[in-house]
Amino acid sequence: MHQDTCPAKVKVAVIGASGYSGEELVKLLLLHPQVDLTALTSRQYEGKSLGEVFPKFANLPGAKELSFIAPDTDKILELAELAFLALPHGVAAEFAAPLCAGGCLVIDLSADFRIHDPVVYKEFYGADHPAPELLEQAVYGLPEWRRDAIKQAKLIASPGCYPTSILLPCLPLIKEDLIQPSTIIANSLSGVSGAGRKADIPYLYVECNESVRPYGVPKHRHLSEIEQEISLAAGCKTVIQFTPHLIPVNRGILTTLTMAPSEKAMANNHAASIIEQVDACLKKAYENEPFVRLLGAKGLPDTKHVVGTNNIEIAFRYDERTGRLIVMSAEDNLVKGASGQAIQSMNILRGFPETTGLML
Amino acid sequence: MHQDTCPAKVKVAVIGASGYSGEELVKLLLLHPQVDLTALTSRQYEGKSLGEVFPKFANLPGAKELSFIAPDTDKILELAELAFLALPHGVAAEFAAPLCAGGCLVIDLSADFRIHDPVVYKEFYGADHPAPELLEQAVYGLPEWRRDAIKQAKLIASPGCYPTSILLPCLPLIKEDLIQPSTIIANSLSGVSGAGRKADIPYLYVECNESVRPYGVPKHRHLSEIEQEISLAAGCKTVIQFTPHLIPVNRGILTTLTMAPSEKAMANNHAASIIEQVDACLKKAYENEPFVRLLGAKGLPDTKHVVGTNNIEIAFRYDERTGRLIVMSAEDNLVKGASGQAIQSMNILRGFPETTGLML
Amino acid sequence: MHQDTCPAKVKVAVIGASGYSGEELVKLLLLHPQVDLTALTSRQYEGKSLGEVFPKFANLPGAKELSFIAPDTDKILELAELAFLALPHGVAAEFAAPLCAGGCLVIDLSADFRIHDPVVYKEFYGADHPAPELLEQAVYGLPEWRRDAIKQAKLIASPGCYPTSILLPCLPLIKEDLIQPSTIIANSLSGVSGAGRKADIPYLYVECNESVRPYGVPKHRHLSEIEQEISLAAGCKTVIQFTPHLIPVNRGILTTLTMAPSEKAMANNHAASIIEQVDACLKKAYENEPFVRLLGAKGLPDTKHVVGTNNIEIAFRYDERTGRLIVMSAEDNLVKGASGQAIQSMNILRGFPETTGLML
Amino acid sequence: MHQDTCPAKVKVAVIGASGYSGEELVKLLLLHPQVDLTALTSRQYEGKSLGEVFPKFANLPGAKELSFIAPDTDKILELAELAFLALPHGVAAEFAAPLCAGGCLVIDLSADFRIHDPVVYKEFYGADHPAPELLEQAVYGLPEWRRDAIKQAKLIASPGCYPTSILLPCLPLIKEDLIQPSTIIANSLSGVSGAGRKADIPYLYVECNESVRPYGVPKHRHLSEIEQEISLAAGCKTVIQFTPHLIPVNRGILTTLTMAPSEKAMANNHAASIIEQVDACLKKAYENEPFVRLLGAKGLPDTKHVVGTNNIEIAFRYDERTGRLIVMSAEDNLVKGASGQAIQSMNILRGFPETTGLML
């Protein structure tokens, strides 16, 4: 879409462009009307053209001129004003430090800057934080809840795929004190691209097809950022239950949450009233959000309705029999759960309309 | 396997043999060394040979002589001593009554005789019970927990697929008072064969592939039998949370349960002690059960390890952070969740070794 | 993309918007910068909003205002200048006649106007042609080969999915007399969306998943248009072998063709020379085509590299051992094989840059 | 099944039991009533119990006592009278030589002994044959065509998966001179298990799901044995066209063959006569074969009807328009295409009824 008074295009680098999130980033950035994709790095693909590595993008505008280069921060600083890091945790921080120091805006898709507390980082990631001095300035980039901070940020920690699918449905209910945060039980089902493009036996076609399995029980790494954000919203340290599962789809996360309504929500102990309050709360939070589709107390989410988009679907039910609330969400783990959300943050940061390049 | 002193073969009919459970039943019965499959009924396939309808079974012993006949109870009484009903609920009862009256043993795979209370049946199935006079004699055929009753039964209500995946892990923990039954939250993921072989848009390949979705929220029909059995075990009326999901596999159910340990289990408030008690309880219940594979507090279930078998895998974790127990199970919805379990009941009823015809 | 001197937007209707091709058309048209989608018809969905039927598109620009209406040609003539027909064959012609008569441009995705000879139509489609008087003016809309005719067309018959995957690789080789057309043997593998969104048992998830099967052997309907176009290119009536197969993917067609080189190609009976001639011929035909990706004699096509795009990949090998040429193509049956190609024709017809709205 | 006069059980080893064929072998052998599985080797799993590596088989009879041992030929000679080699080509021969020398019967599932001519082996496998001295005694173990030789064999080279799917349909037609062998064009579609259990990026779930692709064009290794056997049947050196494709299923091969009828078949140039001759030829060859299901000129094969069984389905059509014959087959690449067929050979070799342990 043409923007008559649009800001200048931004020169963008993608560091670590060979994984599934990196690939999705590259596609979205090539199609983004306000972006000049000027650098792609990958040790593995150094010297190869974009079209060789991702034939699907070979015909996109700007693709012909692009080749993978080795990851070199000086070179990146020369070529780009903003860099997306699509690297493993631990490695991302090594790049973030010199890039930030060099004045390059950084949007990190790894976990490195999501956890404010380096002690928690070590507990969940098993190593000392590689750049604790940067933690203070990092913004947890959940656009629907951190727009103002994102606008000013130099370093954005884009949320994980599971956390996004859990936090977006839960945060408004917690903030309005409609639920008891410690009763949250999250069951998430993720497509196999969430495991990354790595040659491991458990992710072979034959091992995943016609298979469903839980993993990372009971303390998956993503719990660290989920609980951090829930605790912030709740105003007190909160732990929740989270069980991820691997299912045979390429993309998509479906999260089913159960939780107990708060005393406030139950005040008149009337199902209709609870439903109304939850509905009103979600609408207040998201009615004008371009990427949140509220399905209310009648609809049900389906990953096939969000895959390939930056949308998240949210539905809920109140179960009178048990007195519990069931809240369900669906998103694309590679888009709203990774690359799309990161671009949404870039749009905010650079003053582009938030949906630019993200309409489908 | 040869049984030197084995009882005589049993003449068996399958009523409604055209669906997925019926098909699996036919396969298992053709391969069962103690069974003469003498009648197959299907309105749709009347007159067709078994091999035409199920080419996969055309070469199995006994298959060549079998053709589908119209469902006629007199004819069935003539041909069989034992009939499996693989019919929709409501329809099954219509056949069960005359067959039972005629002295034929009946193993019903539908829901018609699972619910003892016709009021609950009506609440969940939306119609008056079609044969309430038979309810008293029906045995809920969960073999691991009802062996003695099954041995004497004339009418066995074989449990549903979801209930099996939930009850087998939960019942021992409830009976030993290690958990608080009302805290049970069950999330189940089922393959598409669970929806039956019916031509509905939502079950088309393109609608299910690359899709995950919850359904039947919050009051799926199977809750009626789940809660009946949990209440019986708990000694008091109990409701639980249950959310089923449809995932793109042909077969398999993965169930993840969270629950709070009981006061008894928490007595010394020590994680190791809780784990030990749960482990001991499950071992006591199932260590010698041929179809229950206990994975303990280290393993994790995977539907690909049980699909095509009558096995159920059960694993658990205690989460010290939240104080909750997570119990997970995997089964084949068409075997342990339907046809295999029904044959297991037949084996018990007829005095065959329980694993006969069910080793893979 | 902004087009400074772009023609005015075109008002477009989609007739029969509820199938898979219709759905893809709607998505592409909503995202097309030169299109105002003004009417959507579907008997089944009459009165429903676009977002209810296709939640995935609910947030696209222009989606909120759109609802399905009953198919009424007067109404369509009022609302649109150009109509896409995504209807079954036979039905499409009923709409085409009054729309053409009313001055509306028609792009038909059905087979109704692809076959010039009503006798052949009857042979392959089993019924008299419903509007033979329109056949003369219909243009077979394969953009890479009919650009000039498309520019002037009032009625475009957009090619079928299989024909596109076969004709694009074969036509240049036939036209340059590099192969013997009657030796063409085409094996095609199609995703299940090719069967349409209809509730038939053979297209259920469980029936298609973990299944591969040929069908329509040996005389699939699409042969009529394939042979028509091959005969035209060859200058003589030609029949070919074509065997379609159904494979468990949502989208994508992979076609593998074998054929004998012509005497001309074999003139100096030298493998390198044949490879060179084929390569040069394909490059001459397609090097500047935005939607044809030539992979030459080294690469191999893969549907995952084209699904979701309007691209077709073409690769070839010369087998010295057998003296045959193997030519392979991959396309998305719903995009290049249906809706994308139809929009490509619309772009040509209306003078828009041909890639408008089709970059991904 | 009980065999009153059955031969003694055979002590069997599986060398290289960790791949997909090895896994299937282990399952079938554990269920085989005439087999004592006494040794399983795997460098990778040495010391692990069978149940740890293959939880699915943990409850099978004899499974509890089995653990993987390192591959040591002295040890194997001590434990087993017959060894299946489920090893990569090249490696298999290293084991075959000492085992044969030690008097152990060997059934090799690799390609090492399938090719009679070491020059052809080198041409297709890129290395000198590792044990050319054994080639003369090796029998190409296609049971339907080599029963007598198999009965006497010391070393059986069990055919490849693609060759089985091509040779079984073609051999009778060639032997009766009903087709012209050099016109055979084979297109095969294989499930991903055919690539083996190896951690390579192209076989990851996300790379294979929603993808179809040809590979090994135009000279796949299996051509060497296909052409050897076709040449033998034809009585003259024959080359054919063969294009394999990878499709997203775990198991199954669907092969579609086109070929020209011979002059003999065309003698009276009458379609009905050709159909009759082909039908009669296939019936003569296979009517009494327990594992070949002839679908004639009306049926069509489907991998889902053979997966998990040792059956192959064969159907054909004569296309009057083109004068070509289309012959199609479906099999399970891991059973009839590998482990099942190898056991079928063992049954013949040891005088067991041929279907023992292979009924499903």
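The letters A, B, C and D name the chains in turn, as written, and every chain counts its residues from 1.
Criterion: a contact is a pair of C-beta atoms (placed from the backbone, for glycine too) under 8 Å apart; a residue touches a chain by one contact, two chains touch by 3 or more.
Only a predicted model underlies this, so the values are computations on that prediction, with no experimental measurement involved.
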The chain whose C-alpha centroid lies farthest from that of chain B is chain C
Contact tally winner between C-D and A-C is C-D
In whole angstrom, the CA-centroid distance of chain A from chain D equals 47
Rounded to the nearest Å, the gap between Cα centres of chain C and chain D is 39
Per the C-alpha centroid definition, the whole-Å distance linking chain A and chain C comes out as 37
Residue numbers in chain B touching two or more further chains are 207, 209-210, 248-250, 302, 304
Within the complex, chain B is touched by chain D residues 1-2, 27, 31, 33, 55-61, 210, 290-291, 293, 302, 304-306, 308-309, 311, 313, 359-360
Listed in rising order, the residues of chain A that touch chain B in the complex are 182, 185, 187, 189, 207, 209-215, 217-219, 239-241, 243, 245, 247-252, 254, 256, 258, 300-304, 307, 317-319, 321-322, 324, 326, 328, 330
Per the touch rule above, chain D residues touching chain A in the complex are 20, 191-193, 197, 199-201, 203-210, 248-250
